[in-house]
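Both of the next two complexes hold subunit A, though its partner changes from subunit B to subunit C.
Moving on, here comes the complex of A and B:
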């Protein structure tokens, strides 16, 4: 079917055009007098092509706002279903296959089977988001280009039926008290008189003899496209998060006083000290007092971040660390070093010896040497104490004996540190003697240190002089270590979205067309994309100042109000 | 009188002024039919008075807010009482803004009750200033909560205007199927509001008499090693127990109307810590709502919608439609900014992830998507009038569920704001 798309004004329009691109005359259904469909000013869109190919069909599918609404609606409904029971990620170490059936019965079982226990990670949910993304791109492209074309070349004098079929219409005669009827000059005079009034309301006014086009806030038409671009950036950023190096998320425990390597990075982080504070009874409201209620006030990890410059992650060798930053990490105050983020996540009370300062006492001479410092995580291998030399032969962080009576360590945590030294010095054999030292008094008794050391125990004693020599780390602070390189893009997308929405809904694109025919008949048509009440009021106001009294309600020509 | 006391007095004053303003709005409407007066003038005069009262009330409300902020040393939007009070204040603000645009004073007749009901509902929750836990210590508490609430307030006013539109266009003498459906819909909406009022009345009543009942009941829990153990939990009721926990033991129970109430045991599948208590609360609101609704029906002997319809006579229906839409259009970006963008920034700072599909987050997204659909249907598909007005009603239900329902029914990370 071939339409004749040439308008009577001589302009050749593309197929699918509803209103002539030049004069605005309706090309279809000319006898009708109902208000016009003004969407995108009646220009043809790609999705309206005839004889569509497969690409055209896909394009047409995604360019439909109806489809977009369905997609959003379905996503809304499924998200709501996803909040009925807690999602899998809210539990630690459960088997979802049995957990939901055990806890929520038959409903829970089906919830799991249908995939709702991980709604937001399922393929169908992701597919929906991708489809919404496609719809955003295609809907916008399909409309923004034709709209841009239509708005950038507007004719001032429009076809009469274009004006009378607007939703805001005024038809009347020139007010006889001010203008002489029937003269072309009076028409031009009215246009000249209206121009400053409209300009005062913020309109840009274009005139063409006795015709006028006043337009304002055209930029608000771009609002929807800007907000869609914002959303597209947001969704793309989410996709990019899947790329290696863009996203990292790990939970690491940091015991006080010990730099710990952060895997996959050159960084080490040291928890210098961890503090937890609770509100005192006095700070609590009266209704909470006396219930023994503990309301936390502060969690804080004093953290130092190091960059490892050499010998990183090699066993037995001390890595070379360079301090790069310090930060007191609190909830809401993460450490941030070049995109590496450390959040206060959890803590545990884990009292353990961090280091102990010990003296070597020679009972024969009653002389005391030292002190030397024994670390429980990475002790030095050789010590010089007075005229004696101690060589660390073996170190067991958590000492124990197995069934055969051989020593071994139960874990890497210094819960029962034991040091086995080879001692050299005056009065000792040339190849030295073995001395075993337990840092904790309780272990000394339990494994009978003195018996193990035999005769040597009578001559030498290694030990701390007071509790001040023992440095204890009280807490392990668990930090959430993250890298999320897409965050700036996500927030930029979000902000762009808001800017677009505000542009689109807080301002409205308003246009007023006026023509005076035969020097006396005024025809005004006005269009806005939103807020009809506003434009009617504005127009009535301007007309009144020009001597034409009319109530805003009378300008209403019916039709859909948006 | 200390500052905290002064602050709550200011709130009380605001509440009373709102109530009086509401009565003035009603007089403005009802008085149109009184003798020897010009209806238009009468309505304009009383409307103006009511708006003035509303503004004075709003000023008192702001004084409450500022003084409480000073005395608490943090923004008073940190618990349910403070949040609902703030939301009530924002609804009045949204009403004032829309009044300034459209000069339709009658909007107050429906917008003010929402604020009043929220303030009364706030009184159900503990009112004392509570110290902030570490997660809440952030200036984002100020920014996120306040902007989200302002956006929601506009949705609430959009709902008020939408409901007025529906009442305005409905024809109670029409017996067609579509009209009967609309009438039923309106009656359900009115019932829901009445049930909320009933619930607030009954809870405040029992709270003021200090009613309590305490039960213990066994609950299965996983201990640290992952094995199931049975522990004994204690639940305290503030309403007489119509529903008691499964396999409960009574620790203490005040008599109700002189009798020891013997409640029904909650079904075995309701295993949550407070699920029996929550079911009991819901049951009480339905019962009190039904009683209140029944009484009102007995007095007026007509559907309540038909009575309310009288109040919107003579207002231009298209203007209502427009106001409703504009309220939502204004609220939409504010809500998106506060409840999603700012929320994401804060979540990123406090929890280390900007989005975690926590129920509250998900419901904020659902609210946002719902109004996105609303705007697309209206702007691109030409839905206006009735269809669009019904969407504002549903939308408000979604908003209220996000604010209150999620905390009551689902809970999650945001539960510190809850009951």
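Moving on, here comes the complex of A and C:
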């Protein structure tokens, strides 16, 4: 059965139109006097077809606001579930595969298997965000295009029932004290008189003889669509964070003097020196003095950033570094190089020897040879000192003896460096003799270096000549290294969102239709998207100035009381 | 406007599908990044103590024992003689040991090799491959089958029954 959509005014409307695009006459439900459904000005929103294709079906699904609300509700609920157990990223160095099962039992095991231990990172959560994004795009497009069409080509003279079924209505006679009743010219005169009154209130007025359309603040209707665009940009930016190189947030310790690699980047950072300063007694407020309180005043890391140009990332090979920038990093004053940020976070006192310059003294000849430089991280293996040759056979960063009395190293940190040399030279046996050297005086005593070296200890002495020969790192500075390339886009999306919200909330789209029939009947219908009280007040004000004494309450024609 | 509606619809839905597929794939393939039993072992290239570069893929077709260790780790030191003896036994049968050392001074590694008479390759890593394999404790041992899949994984010191059981099962193939 073919539905007739031709209006009595002669205009052919698309199938699904509620109010005639031309004159506004309701195409269905003609006998009713209830307020009209004014959504999208009654324009057909979707093409209704008999056999919707897959594309139509999917589109229709995503264009439903109900579906969108369900999606948001599900996402919120699942996010809440993510708060039950601490997320993976709150720990350092645990193995999530075992940690949750061990600490929380079966529930923990399933919590991990389903992905809740990294709720925001799971594929299903991201998929929900993508669906919300799709819904945002499709809901908006589906509505904004028909709305734009409807609002762009509005007719001034609308059907009478369009006016009388608005939620703000006035029906009355031309005020006889000012206008001659019954004459067409009076109608036109009233329209002409009302025009400047309406313009003063900010309306754009269009007239058509004895009919009038006053409209203001149409732009506020676009607010929601602008804020949706902002949200879409925001969501897309969040998804982009998952791309490699776009996001990093790690904490790395930097020992003074050593360039340390920053993982996942070609950069190395060297902590030249770290300073911590405390407030003096005088600088403290009076209540704090005399308590022996140490209140830090300054944490500062003098940092140099390098870029690795060759031989990066392989142990045993020194990377080739090029200095790119340097900065004195203080709390909240980070180093910033091309989006890589290094913030001062923490520090530890980790006194350790970085390198030591030593001399070899031969008491037989009272000659002193050297110096040679011994590194505590990766020492060289062969040294020529005077007429002697020192071959490094073994090296222990943190020397100790186990229960069998065999040497081993407790850790990788040079906290008790011990060098085992094989010495060759005049007065020594052909295949050399072992000489053990402890860099720290205290270890020399602890492990009785002289006793270990036996006869050799009486003849030879290895040591630094002064404290200047010893490079010491006093501190390890912990820096928070961050990269977040999506931030500008998040800001852009956020600002657009706020603009859209402000547009939609602080202004309302108001329209007033007026027609004078047969020179005496005034019919006014008005519509707004929100704040009905406001438009009634405004209209009442205009009418009073035109000589029609009327209260805003009398204009109310049902619908919600707002 | 309506004429182009079909095209716009298709374009938007296609974009949604592509982004979703991308998210799904990177999500499912990147699960924690911790290779475990059953996963394909990630390929890597490191320098050997001798100076040559060695890739895991060079050994495809052999049973590979990848052991993460350091001289500062007592259980690593304890298990080395065990690994060396089984390496000698199974070398001819196509078993390779790649001992990935983390951050030791070269001197200490060389002394260690001499002391324990190790004959398998020592690869030098600076936390790169360690992170690839999700290793947080030493020692950690992965035993790969001839197809490059992780067949066994052990965090902590391995014992004789572990290595014997693994090798007898895998080398039969």
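As a convention for this text, the second predicted complex is superposed on the first by the 307 of 562 C-alpha atoms of A that agree within 3 Å, B and C clash if a C-alpha of one lies under 4 Å from a C-alpha of the other, contacts with A are read in each partner's own complex, and residues count from 1 in each chain.
Keep in mind that, in the parts below, contacts are C-beta pairs under 8 Å (C-beta built on N, C-alpha and C of every residue); 3 or more make two chains touch, one makes a residue touch a chain.
Just so it is clear, the structure is predicted and the values come from calculations on it, not from any experiment.
In the superposition on chain A, A:350 contacts neither subunit B nor subunit C.
Touch criterion not met for A:183: it reaches neither subunit B nor subunit C.
Touch counts on subunit A: comparing subunit C and subunit B, the chain ahead is B.
Contact with subunit C, but none with subunit B, is seen for A:411 once the two complexes are overlaid on the shared chain. By the touch criterion defined above, A:487 reaches subunit B but does not reach subunit C.
In the superposition on chain A, A:95 makes contact with subunit C only, not with subunit B.
With both structures placed on the common chain, the touch criterion links A:332 to subunit B but leaves subunit C unconnected. Note: residues 93 of subunit A belong to the subunit B contact set and to the subunit C contact set alike, using the contact criterion stated above.
Those residues of subunit B that touch subunit A in the complex are listed here as 102, 126, 128-131, 133-135, 137-138, 140, 226, 269, 271, 316, 318-319, 321-322, 326, 329-330, 332-333, 336-337, 340-341, 344-345, 348-354, 356-357, 359, 362-363, 365-366, 369-370, 372-373, 375-382, 384, 406, 410, 412.
Residues 1-2, 5-6, 8-10, 12-13, 16, 19-20, 23-24, 26-28, 32, 34, 36, 46-47, 49, 70-72, 74, 77, 101-108, 110-111, 124-128, 131, 134, 136 of subunit C are the ones touching subunit A in the complex.
Taken together, the subunit A residues at the contact with subunit C in this complex read 47, 55, 58-59, 93, 95-97, 121-123, 126-127, 130, 133-134, 137-138, 141, 145, 149, 239, 242, 261, 263, 313-317, 377-379, 381, 392-398, 402, 408-412, 420.
The touching residues of subunit A, counted against subunit B in their complex, run 39, 65-66, 68-69, 72-73, 75-76, 79-80, 82-84, 86-87, 89-90, 93, 103-105, 119-120, 249, 279, 283-288, 295-299, 330-334, 341, 343-345, 480, 482, 484, 487, 490-491, 494-495, 497-498, 501-502, 505-506, 529-533, 553, 556, 560-562.
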